[in-house]
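We call the chains A, B, C and D, going by the order they appear; numbering starts again at 1 in every chain.
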Amino acid sequence: MSSSATVELLGITPNAERLIEEAGRTCYLSFDKMGDDSHKRFIRMIIKNGHHSVLEHASATFRIKGGSRSFTHQIVRHRMASFSQQSQRYVDEHGFQVVTPGSIEQNPEALKVFNEAVAHCREAYAKLKAMDIRKEDARFVLPNAATSEIVITANFREWRHIIDMRTEKGAQWEIREISEQILKELAKHAPTVFEDMAQA
Amino acid sequence: MSSSATVELLGITPNAERLIEEAGRTCYLSFDKMGDDSHKRFIRMIIKNGHHSVLEHASATFRIKGGSRSFTHQIVRHRMASFSQQSQRYVDEHGFQVVTPGSIEQNPEALKVFNEAVAHCREAYAKLKAMDIRKEDARFVLPNAATSEIVITANFREWRHIIDMRTEKGAQWEIREISEQILKELAKHAPTVFEDMAQA
Amino acid sequence: MSSSATVELLGITPNAERLIEEAGRTCYLSFDKMGDDSHKRFIRMIIKNGHHSVLEHASATFRIKGGSRSFTHQIVRHRMASFSQQSQRYVDEHGFQVVTPGSIEQNPEALKVFNEAVAHCREAYAKLKAMDIRKEDARFVLPNAATSEIVITANFREWRHIIDMRTEKGAQWEIREISEQILKELAKHAPTVFEDMAQA
Amino acid sequence: MSSSATVELLGITPNAERLIEEAGRTCYLSFDKMGDDSHKRFIRMIIKNGHHSVLEHASATFRIKGGSRSFTHQIVRHRMASFSQQSQRYVDEHGFQVVTPGSIEQNPEALKVFNEAVAHCREAYAKLKAMDIRKEDARFVLPNAATSEIVITANFREWRHIIDMRTEKGAQWEIREISEQILKELAKHAPTVFEDMAQA
């Protein structure tokens, strides 16, 4: 089964592929070679040649809702990206949602164990709050399954790297599914930059 | 009460303050000014003048045991550092330890709620494992309180930044206590670099 | 006298201040506080509180023409930015332009010395090229004064940092003048983010 | 002919390969597998599996003398490294040394042109200084060929990346020769980490 996370494109560099060409041709002062479709040829050339730094001039921002804290703990390890994440220190989590792994959802017994554990955590959180324990301490009983909203901005080179690492076979299922959604969005808006990955 | 986390210095640049001087004097080719204690004057000067990049030539590595997943999720946001962290995908967590916030430990009723929630999570994890749910999925029921071992390497400039941000009043208590322990260790081995912070 | 460099804004995040608010409110899930002008209050608050990471979600790209290689060697030291620079390995530099420092331009004798040196370098470059010395080797006779076009992309947090460091009294005059031009452009398009610097 | 640059190892993480193993086994809590030579097997495994972040826990610092400003302008583009470089703003460059490209050195006519240009630059610099032009402005007549001392610290992952990019066929000869010298030093002190590159 698939993650319930939703991926929303909040912003992306306008005319991104054109900007990449304009920036990248600075290295060669080859602006005279620019024409209607020249950015496609240029971008394919720099990707093929490994001149990926040029792709850093464009970036995209996504809002991801419904990812678990396991997912966010992994994704924030990418250091060339910018994150704003729902803080369990400041947000009251009494009504927290959870991500249920597919292997658990498909197994009625496992699902029962999982749901009971989540319910117990929820109840404990509410009780601790009622005893005037601060949010930043009460959250210690929240499970990894709890969702955490996050906004991520990265440049295209870094998105290529993240997608490359996180959509491969060995990647954990939740981060893989979210990365695949991100790739789909990026391929719509910057088809030449992401075409090799989207077809893979 | 204090965090039960332990901080162990695994490695540090040998003769770190001398190396910083040797590297930093390259900017001015002022090697003729080097003497027995000249590194102290030099380091105080560059810190005062904001020429902090020179401090990047030395680094230190710490192993932190007994920090919670809340702590690790915060600390890995520092991007100029290197992390190797206990993976809940690969490590069997059936015997996981927990961090109990002081506000809970001092409140018998709250402590009871907390301990029961932790016990329930532990039991649920064991049951899911017994049903052949993989570790990477079973861990969704583990609480933030679960400890996670982590090794962190950062250069001295970044350690100064981390300590600066994480020991201030508004910082969360667990990351503050761990940062204070780190500062104590660093001040022993590179007293001039960290003296202003250690005395603060 | 002022640098002859020109600064052109190639691209900037659309509705940048709004995007910053949308991203930043994720930390608190405080979207209900958004209104027509709420982004101004929000941005002033995060800048005051030192929560600058939120500013990373917006970025701007500039093309700088007419800066010297001394300037570019300094500016590329900023590591949280992306650069595409005119390459002396690939571009024929026989007609290179130069930056003349004001202190030299205002001193007729010095100007004569400077112009003769530049002319000699230009002639040597042409002769070496005529002897089939490759561009990447002939360039060794080019002076620091030679201009080098560069495109720079950085997020708003990093632009604030660059401007902060490079417009201060002790900064070198060329990088200071260029940074001031960049600040002017940024303050036009993201007035709240840069107002405190623009008024300084 | 070869660059006249010298590469001196100023510092390196003591017992670097052992530290990498100690840090890296944290991910799996597999410390029980550590033995006399286990770090070799462990490091080969993580390199093969692409788990390169573990290599970041060790670092090395080099002093490079006799590299040209062309070289330094290239090398400082590597962003995951730390640099302290001889500053032409602060150091009097009247006696500057130069790097002579091999293609010029082997061609007597070219060498004459090159040497005359360098001599002219040197003379112009001295004259400007004698007219009380400040170092930061007089340096505009210095050629790319002028040497610039630099100290570089990077972690092993980044050194692998730098060496990978800078020793390949298409790399410029000066940066290639210096990178090869760096690789030789690193392979002496951390043979397992760099063996695949040293044999290539």
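By definition in this document, contacts are C-beta pairs under 8 Å (C-beta built on N, C-alpha and C of every residue); 3 or more make two chains touch, one makes a residue touch a chain.
What you see is a predicted model; the values in this text were computed from it and never measured.
To overlay subunit B on subunit C by their CA atoms, one rotates by 180 degrees, a value rounded to a multiple of 5. Look at the CA centroids: the one farthest from the centroid of subunit D belongs to A. As a whole-number value, the distance joining the C-alpha centres of subunit A and subunit D reads 35 Å.
With centres defined as mean CA coordinates, subunit C is found 30 Å away from subunit A.
Of all residues in subunit B, those touching 2 or more other chains are 83, listed in ascending order.
Against subunit C, in their complex, subunit D makes its touches with residues 68-70, 72-73, 76-77, 79-80, 83, 88-89, 98-101, 103-104, 107, 109-110, 113-114, 116-118, 120-121, 124, 127-128, 131, 133-134, 136-137, 139-145, 172-173. Per the touch definition, subunit D reaches subunit B in the complex via residues 10-11, 13-15, 19, 22-24, 26-29, 53-54, 56-57, 59, 61, 63, 82-87, 90-91, 149-151, 153, 155.
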